[in-house]
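Mind having a look at this structure? Questions to follow.
Chain IDs A, B, C and D follow the sequence of writing; residue 1 opens each chain.
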């Protein structure tokens, strides 16, 4: 398995690796066709593509964390909408950093409420977050009856400044690498796999779950800020599509919906893929009904390919499972694995 | 064995997705072919195609113009984009313009992405329906800065560099009072004899168009029938299915209603009323179904957004390309609309514009299609264009003159509603219709 | 073995709680809501209101049936709006443009819905792709297809028969046909889910896929047939809705997806377990419909309305929580006696 | 003065009682056995002591100071450490991370793999475990290794109060454990040892406590109490712990129902040749993870067979899934290893669980006739010694024994003549075990061919007509009649037999 082929095989069967590959393919198609059509490829095109992707990336990562923990969260779209209209209606001229902190706190608070209902109220997460979603989307319209308002200019220009988007993405990747290896990170994966075992080990499972809900909420808050920055205004309906796209990004990123496994980096590229698809369709001149069909099929392709290869992977791992001699003899040898 | 056919399944998906992209592409090139066939040698004094003000951004012998609407299978959206496309495919424009039609998925990110793509692909003009009056602004600004002419129809945007072609603040033909909401509500009150309780349907909550309609309608109530009650309100989402569902619910809780302020999707309201066999006054927009009901004597007023705005917006865009951005073409155009009641409803000859006609013969178009494709500003409109996006042979566009366009400029007092700002020399104040507007300072 | 027998008694109670009490509670709540509606409209409660709740509840029930089965086995069917749109436009286009017979049109529509349901099922069961995302993408594809078949056409109108059947204009003993159909749907659904072999297989699969496999159940076939049924149900709903609203359009199903999921959840079905009962789902559907009717006629602005709706859903979830009975009894058992 | 003083513990789940005024006191340096049927409250008491479960009332004193109940941290800091029956290990974390889960060493908030693994490796070495790579995912370990890891994790905390709940359920060499338990005892720890295996208790414990229905029903001294006496006390009525008698030796001409030749499953089963005759119970012995699971699952079509021939009733058959297995010749049915995951439908009633194979013939026009279903389930249940009053109940709520009985009842209903019983008696109480034995024997007497794997060698000795020993995926030895002794089996199972070394070489 340590042959070059083996390693390539490993990348392809690994969710994250596959997401990256799929994304790279789409990007190549897009940019190559773009450059052959009229205007060439300039940095600003890619820059604005990344800026547009940022909110989805951050929100989807929030969703991913909750899913890794073995729970479900539909409230992202609601939080983002509320944050967006709050900024546009009242915080338009506030200190941008304060805005970021406040909005992440707001998101975190909503995450806390979700978590309390799920963990203490013993209600299914999907049901609770569906309810909070409806509530939050309503609140958004109450706060901002019609699109208007402005976003702190520093935020707007800040996010658009060259290399900021790339910078944020790099930061996200590093942050994930660290979080994954932090205690909370390990516990998150553990809960997703077997909360009972963690409980028996004497660890505060509920507290950890709550923590993840809060972190996810805070990330939605941040996503709301980023979206506001790219919309430069408030619109109560602007975030509606996040309800489903966040999950699509997570799935394309190779995170299984069963808990205990998954990767934020995969999700990051899942989100980038989702936003690359329209670009590809555009350069192909795909419009009208074919647009929806092609989009659907590409998403299916991404996900099914993932499911398919991981299916084979499982089968192999079954066959390659190691021997063990429980007597104190030769050591057990098997593929070591980290989370995700 | 098992695995093999899984592979097959994947292969199928992959293949079909590519196939679709391809056929999408081909369909587009077909459009291009349509006009290039009509293309002639672009000869002109200043060397530009058709002798227009500036050279095409992408070079080439034609101006690249994008026409875009929402991809939601909505009859009105289709007609608007079709009338716009047809305009660019009529002589004289067909020789100067390469038309590219697009559809936008209904979420801001998609539209932003698409506008960016259009700009990058060398658009000279973008004529589009905007999802939000504010959310796309930054992107429109980028396009403007890149030298693209951006024209928005129906709903408006607050970005100053973009041209708004809209009916929202306009006056109906033959009326001195602006605002569709106000006029519709006034007509409803009139039909109800100035008293009684009503339902009010919103469009999509949280949009400016809906807000303007709603507020001006409320203003009408305040001024004309202050003691009238609104029993129930709902979000109709400008969708007849939703309108019907909501009307049915509302009738369940308030069967004693005597009038409905319905708006787009009115056929849903009427159908729900019929199911409950109640024949009460309804305000609706311009669907063929509703106009036919009026023809059959239903008490109602049909007054709504003309899809002709698509064509008008296209003409404006081409005008800007022809005369140049500095020719003084106004950025705010008000498109007049018609008020039709059971007394003024009149059947058209199929596919031609006879003055005053406002409904097609039964069976020519579908229930949801709008009966109101003709507009004083778009005499060259035709049913074929509205249906297919391709003008019937021999039909010729009637270009605007700059003065013509100026004559339809929006009244500055109503500028605040669409731009959230007043022109210089004006300050924010209340309009006679009760809305925020601008007053001369 | 005293504790065992105690557990048994408790089991009896909690299962009755599930199969009888909860649906009754929900139905009672639905009625109560209509009565309480008096506060916002003096013409409530009324016979019309009851009929409306029943007929709208009928559409919801038809969609929630398949949705419920899918959720029992740990999935979600987000392709519902797509299937509804496709089946609706299929029948409408077939009848109004191809001048085909309604019968064939209906068969076509249902056939297409069934087909794509099966495709969903194959992707989920055989290729082990997450149902959530498969059905989501499939929904987009189907919306594309229904755009395609109605593309460039005048919006297709519904066959007369469907209109009279489902628009509520057609009546039987003075009662709207849809309202009556609610009970038909309820009974058929109950027979399939609670009494039929197929229903049993669904519960077994939902309770434990592995055990089903070892016990020699045809798991893939069952899973595929579940999604097929869900597709078929949505297709059926498409036919009903195209009759209800008089013409086919893309948006026909969009307003029904979330309510169908909400009905199943408020009905107490737990995703990916063998727990959940049809009678609770449909009564939950009735209650939610009644609530929307009353909320609609409150004077508050549309934003507040959805806030109110969300809160009510949350409250409904809390009040019908499956372990609530057990908790109460625990307190009793704690006192010295 | 006792180290552990428990008094008046009460715990109700709904209106079922798990602990009923339970009290116990253990002194320093004492190894106290706690015995009782499943559902007697042993595990609940363990969880109360560990702070996992909060009792409704009661008090726990350690060294005279009251322990804060329901707080895991408090219990740990008071020196209570537990090795749980249902192993508290996380499958997707490494051995090292599991070993140190409670206090993972972090560097700048990040848990450094190297530090953790180093520390873990040291601990493992201290406790004489050299066969566990700290970097391995626990999910990939065989059950025996997991159990060992759980034990090391508990022992390494130098507990003041050491609680071991069924520590040898999957542990092959008990000596290793006993060595360390005694060591802990000598360092003044007090040990609560919960087990169904009375033989072990006799070896290890000085004193014993018997629980029943959440109550303490008395103490006993393992040395001078007979097993039957203890068991009678546990279940409240007297029974004798005897295996059902073997029927007369199987006639040589009895038809061979199941025969494999060089059967391979992945690389876990590497060329197993065996045959089971009608009316015969063939035992399979082997330490955890020697391929016996794959053998059973391969035969049942639950794992892909990669080579060799399976002959069912004399005809070579390809078995690609459990459904095919049931249909093959006289039918092959499997009683799976993981009862909770693969055996029962926890959310559904026993009737529903049992009637699965009969659904087709129970239903008319796709509708299940419920009367006949109940009747059929009741009969099948009776044959499997399933008390009728449980039939209407969700299986997930029944004791392990009754769960297993419902699985056996279902297996019988399939009418399959070839029964693959994979450790059907794991973790179920003595009386239930007896009933399982007799069920097996009866079906064998009725002409079934039974392949029977058990982790408890005495069962194989007591029940089987023949025993095959697996080592490293190969059948290394076969014993018949008088040859079947615990010692012989154990010797070959750990690979000491000459054939085993051959297998070794084969592997290398």
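Keep this in mind: a contact is a pair of C-beta atoms (placed from the backbone, for glycine too) under 8 Å apart; a residue touches a chain by one contact, two chains touch by 3 or more.
This one's a predicted model, so the numbers in the text were calculated from it and none came from an experiment.
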* To do: Kindly list the shared contact partners of chain C and chain D, in label order.
  => A
* Per Cα centroids, the chain farthest from chain D -> B
* **Gap in Å, rounded to a whole number, between the CA centres of chain C and chain A** => 30
* Can you give the whole-Å distance between the Cα centres of chain B and chain D? -> 72
* Asked: In whole angstrom, how far does the Cα centroid of chain A sit from the Cα centroid of chain B?
  -> 36
* So what's the Cα centroid distance for chain A and chain D, whole Å? -> 41
* Structure fact -> Expected list for chain B, residues touching two or more other chains, is 6, 9, 71, 205-206
* Residues of chain D whose C-beta touches two or more other chains -> none
* Structure fact -> For chain A, residue numbers touching 2 or more other chains are 140-141, 145, 236, 288-295, 297, 300, 304, 308, 311
* Structure fact -> Those chain pairs meeting the touch criterion are A-B, A-C, A-D, B-C, C-D
* **Complex contacts: residues of chain A adjacent to chain D** => 178, 181-183, 186, 189-190, 192-194, 196-204, 260-261, 315, 318-334, 336-339
* **chain C - residues contacting chain B, complex** => 37, 40-41, 43-44, 46, 48-49, 51-53, 55-56, 85, 122-123, 126-127, 143, 146-147, 150, 152-157, 167-169, 176, 241, 244-247, 249-252, 255, 292-294, 296-297, 299, 301-303
* Structure fact -> In the complex, chain B touches chain C at residues 6, 9, 71-75, 78, 202, 205-206, 230-235, 237, 239-242, 244-246, 248-256, 267-268, 271, 274-277, 289, 364-369, 387-388
* **chain B contact footprint on chain A (complex, rising order)** => 34, 37-39, 42, 45, 48-49, 52, 56, 140-141, 144-149, 156, 230-238, 240-241, 275, 278-295, 297-298, 300-301, 304-305, 308, 311-312
* chain A partner contacts - residues on chain C that touch it in the complex -> 78, 123, 127-130, 132-134, 136-145, 147-148, 151, 258, 261-262, 265-266, 270-271, 301-311, 313-314, 317-318, 321, 323
